[in-house]
Amino acid sequence: MTDIAFIGLGIMGAPMARNLVRAGFTVTGYDLAAAAVARLAEDGGKAAGSVADAVDGAEIVITMLPADPHVEAVVLGEGGVFETIKPGTLFIDFSTIKPETSQKVAEAGAAKDVRVLDAPVSGGEAGAVNAVLSIMVGGTQADFDAAKPVFDAVGKVAALVGPNGAGQVVKAANQLVVGGTYALVAEAIVLLEASGVDAHAGLDVLAGGLAASRILELKRESMLARQFQPGFRIDLHHKDMGIVLDAARQAEVSLPFGSQVAALVQAARAQGLGDADHSALLTVVERLSGRGGN
Amino acid sequence: MTDIAFIGLGIMGAPMARNLVRAGFTVTGYDLAAAAVARLAEDGGKAAGSVADAVDGAEIVITMLPADPHVEAVVLGEGGVFETIKPGTLFIDFSTIKPETSQKVAEAGAAKDVRVLDAPVSGGEAGAVNAVLSIMVGGTQADFDAAKPVFDAVGKVAALVGPNGAGQVVKAANQLVVGGTYALVAEAIVLLEASGVDAHAGLDVLAGGLAASRILELKRESMLARQFQPGFRIDLHHKDMGIVLDAARQAEVSLPFGSQVAALVQAARAQGLGDADHSALLTVVERLSGRGGN
Amino acid sequence: MTDIAFIGLGIMGAPMARNLVRAGFTVTGYDLAAAAVARLAEDGGKAAGSVADAVDGAEIVITMLPADPHVEAVVLGEGGVFETIKPGTLFIDFSTIKPETSQKVAEAGAAKDVRVLDAPVSGGEAGAVNAVLSIMVGGTQADFDAAKPVFDAVGKVAALVGPNGAGQVVKAANQLVVGGTYALVAEAIVLLEASGVDAHAGLDVLAGGLAASRILELKRESMLARQFQPGFRIDLHHKDMGIVLDAARQAEVSLPFGSQVAALVQAARAQGLGDADHSALLTVVERLSGRGGN
Amino acid sequence: MTDIAFIGLGIMGAPMARNLVRAGFTVTGYDLAAAAVARLAEDGGKAAGSVADAVDGAEIVITMLPADPHVEAVVLGEGGVFETIKPGTLFIDFSTIKPETSQKVAEAGAAKDVRVLDAPVSGGEAGAVNAVLSIMVGGTQADFDAAKPVFDAVGKVAALVGPNGAGQVVKAANQLVVGGTYALVAEAIVLLEASGVDAHAGLDVLAGGLAASRILELKRESMLARQFQPGFRIDLHHKDMGIVLDAARQAEVSLPFGSQVAALVQAARAQGLGDADHSALLTVVERLSGRGGN
């Protein structure tokens, strides 16, 4: 069965690697945290002692890392993936990073005949654990097809959306819409409650018409109850909104709403809500009107 | 069968009155446009020559009017509904107006022992024609129950959401979320297209995850094709955003996103898009970045 | 000497009327608060018992009222100024109200051959006391010239800026720029302080270059010291931002920054800062970032 | 007289280096463009063939570079300033870059006993030519004092505003306030003109009261005449707004107005106004309302 190197065994990477083991792949894992590597070995994977060790002999190399600097270091840096990877290898980066960093990685890969895909995911820890992630892929059709068995093992849907970097752009667009929808629902809640309206009944109406959204469907009751256990943390959404603004700058487009969403998420973080679920944007919106949120 | 006076036989009112006739009510209609009254009569209703004429003998009086000044004039003004309406009559105002105007109407009604409901609708002309409107109702449970047969004849869902004015607040919240969602989807489209991403594939991914919304589901293809036949016109959404801002002011809450949505819809109107579908907010968003929209 | 009727002897009106007395005019005052009327009489004016009483025999009628509904009632309503005012009289409304209300008053005046000016002022209570108000005037050149002695008695500068309503539009533009400048200076302060920069030194630099403004000049030290005694209250600025949005709606223009300023001032009010100076917008801006403002 | 190395002889650097020559310094210049180096030599400076050549023997090393990547390469990179600079040398970076890049440079300098100041300037090309720049300095008092003769030779005012990076933060705050003030004045103009008000007279009133600003004073007539010759180009302001957002992110503060200014400047650039003066934000604001700007 195909040999996979999996680098980055954090909250997302660990269950993804485990799901690849379950799907029958031979998975050699590496992480700075030795305990994470040991856990993968217990689950049927192999332990590597370094990036080079993991990459050695792999037909597919996968990274799942927190942010741009980690990708630059682990993939492009000294002792990194691209130092020892063999020509023809398929390299899949599941990290959510700037489109331009993905493009830089793809260019560096092309120079070594490595086949590169950017493949950020959505669905959070639960999606990773249950192998139901949505995967947004940038690269060529041929490489996408070659990666399909991997995507099938960790996700529910995978879509090729354009050339390298395109996966990141779609992920950015997704986070923009998600963050903005929370902001809108939050303002609706504040307006309803401050007006003395039955907010449960009101949101039920909204959820039944053109205002309907997955967020209204899944989150309105927890938002009305001010239950903000993550889920997806504000701090991560903050990182992602930084990517949205970078992507807009690179694409030379103006996103006034995206910019306001970024400012709102930044405010949430600055108000100490970094570890709360992103639906806690409601708290920022209500504090702005001197309500609740204590 | 119950005698109903129906005042305001425009794009929305005409089909609603017709559906009441079909449901077996005796409907006496009045409108400034004599042709509209004549059409109702052809459809089995009765023609009235004035507001007073229509109201005379009615057990339920209904109004469906364009905006606050019309309601103030037709209901509260000289020769208006409340001059001749009898104590105990049920009065349903389907107009979308400011919450405070609905409250004023309710207070004036209470002084005459009239039972008042504000009951703005969503669903547009198609919803009115097909009797599948969503109805947001402010008033008492008893009056809501009494009005239920009327709501059943013109709509699919009716929800009592609070005291008088609450129906308008929920409608306002709905329009805020709808307008804002269009803005977010528009920014996503502009970002995707400007980045060289396959926007169809990208929006498909968004529509399958936490970014999903009724608008993404129903409108993404028409937006990508720049087809903006109404549907619901920008000019009407502009009127509604004015109500959102009034409602926020009355409730003493700050709605930064709602305020930006209002500014965006105003821009669409100022750019000559008043008669286009509200999804044409995309045009404003792309023109801002110097793209398309010519 | 010219006989003037002065209606509305509040915080602004009282010192303005007194300054007219000092300038030699015969001033007959009226206010709902009898004490205010008595004080004017002590200061050399005459006391009237009603609007009609004040207007009777006046060559110039002046109003200085809190908001649109007061102007509509006192000028256009039953027992109001326009019931008894004589043709040819000069009517000056110093109130800050919507441009469209001023236009409505002007139309009603024209129907009675009354010469109408809208003349909102800036400069606050101190400006009224010291007769150094800035006066923005809408109307004809001839009427402006006729009113010049009045303006000279209460203000430092008076400018004819266009037809009826134009005075209100300029006042609205003024309040938009003032509120927005406070917001910008507030964000600069928060950025400097949170970055560990010497904010006094930093603002000194800003005040010496292209970022310079009257607000930076007069208010930076009190803002850095968080001293927010009015000056001009948030509640009044909130009223004025409502006029800005109405004026934009009437002119069919989109003002994204004006809309955000309005939302920010609304937030200040909702957070209990209604009686603080408008420079207290700083408190809202810093609370948004989880800083100070307790 | 003190030996200075001056690296980066562009639009700003060239006249600054020339002014240092005029003030009596021995200035050895380097730039990738040989013609710029030759011009400095004609003006009494010395020509260097490389960064190392310029730095060799200099008591003060100065850089004036376009953006962060240039500073990272020229100062920290291979063959860069810090490879050959001697301990104890004073290093002044006049470039406008991110605070965190300035801090990184200062840390690298400290490791080599180099005394580092970040000293971004405002005043534009005219300010550089006429030696009247405003200089915002981050570093220690002792190093600031040592650099004073240099600052006196190129600027009118220099202020020490905090530790390393603080100069950049103040510059960022300056650009935020300047960009925002243009936006506010632009909205005022659009509101006045669309309302049929005499905008010249209206802005005169604003310029005489609390709304007054250097921008209203210097730029209102050119803005009303739609004359947008730079001055300071939109493209540069766009770069600077990127720094503002980075600085806010580093300081963990939310700047909703700053974010909107950044989006507006981005829109100007996207609409093809990159080479126009930053007062051309007016064009974006009026196009938003379907006015002018063709």
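The first chain written gets the first letter, and so on, giving A, B, C and D; residue counts start at 1 in each chain.
Methods note: a contact is a pair of C-beta atoms (placed from the backbone, for glycine too) under 8 Å apart; a residue touches a chain by one contact, two chains touch by 3 or more.
Keep in mind that this is a model prediction, so the values were computed, not measured.
Shared contact partners of subunit A and subunit D, listed by label, are B, C.
Interface comparison, B-C versus A-B: the higher count of C-beta contacts falls to A-B. We define each chain's centre as the mean of its Cα atoms; on that basis subunit A and subunit B are separated by 39 Å.
If you average the CA atoms of subunit A and of subunit C, the two centres end up 52 Å from each other. One simple way to say how far apart two chains are is to compare their mean CA positions; for subunit B and subunit C this gives 36 Å. Counting only residues that touch two or more partner chains, subunit B has 248, 252-256, 260, 264, 266-267, 270, 288-289, 291.
Residues of subunit C that touch subunit D in their complex: 99, 122-123, 134, 136, 157, 159-163, 165-166, 169-170, 172-174, 176-178, 180-181, 183-185, 187-188, 190-192, 194-198, 201-202, 204-206, 208-216, 218, 244, 247-248, 250-258, 260, 264, 288-289, 291.
Of all residues in subunit B, those touching subunit D in their complex are 256, 266-267, 270-272, 284, 287-291. For subunit B in complex with subunit C, the touching residues are 242, 245, 248-249, 252-256, 259-260, 262-264, 266-267, 269-270.
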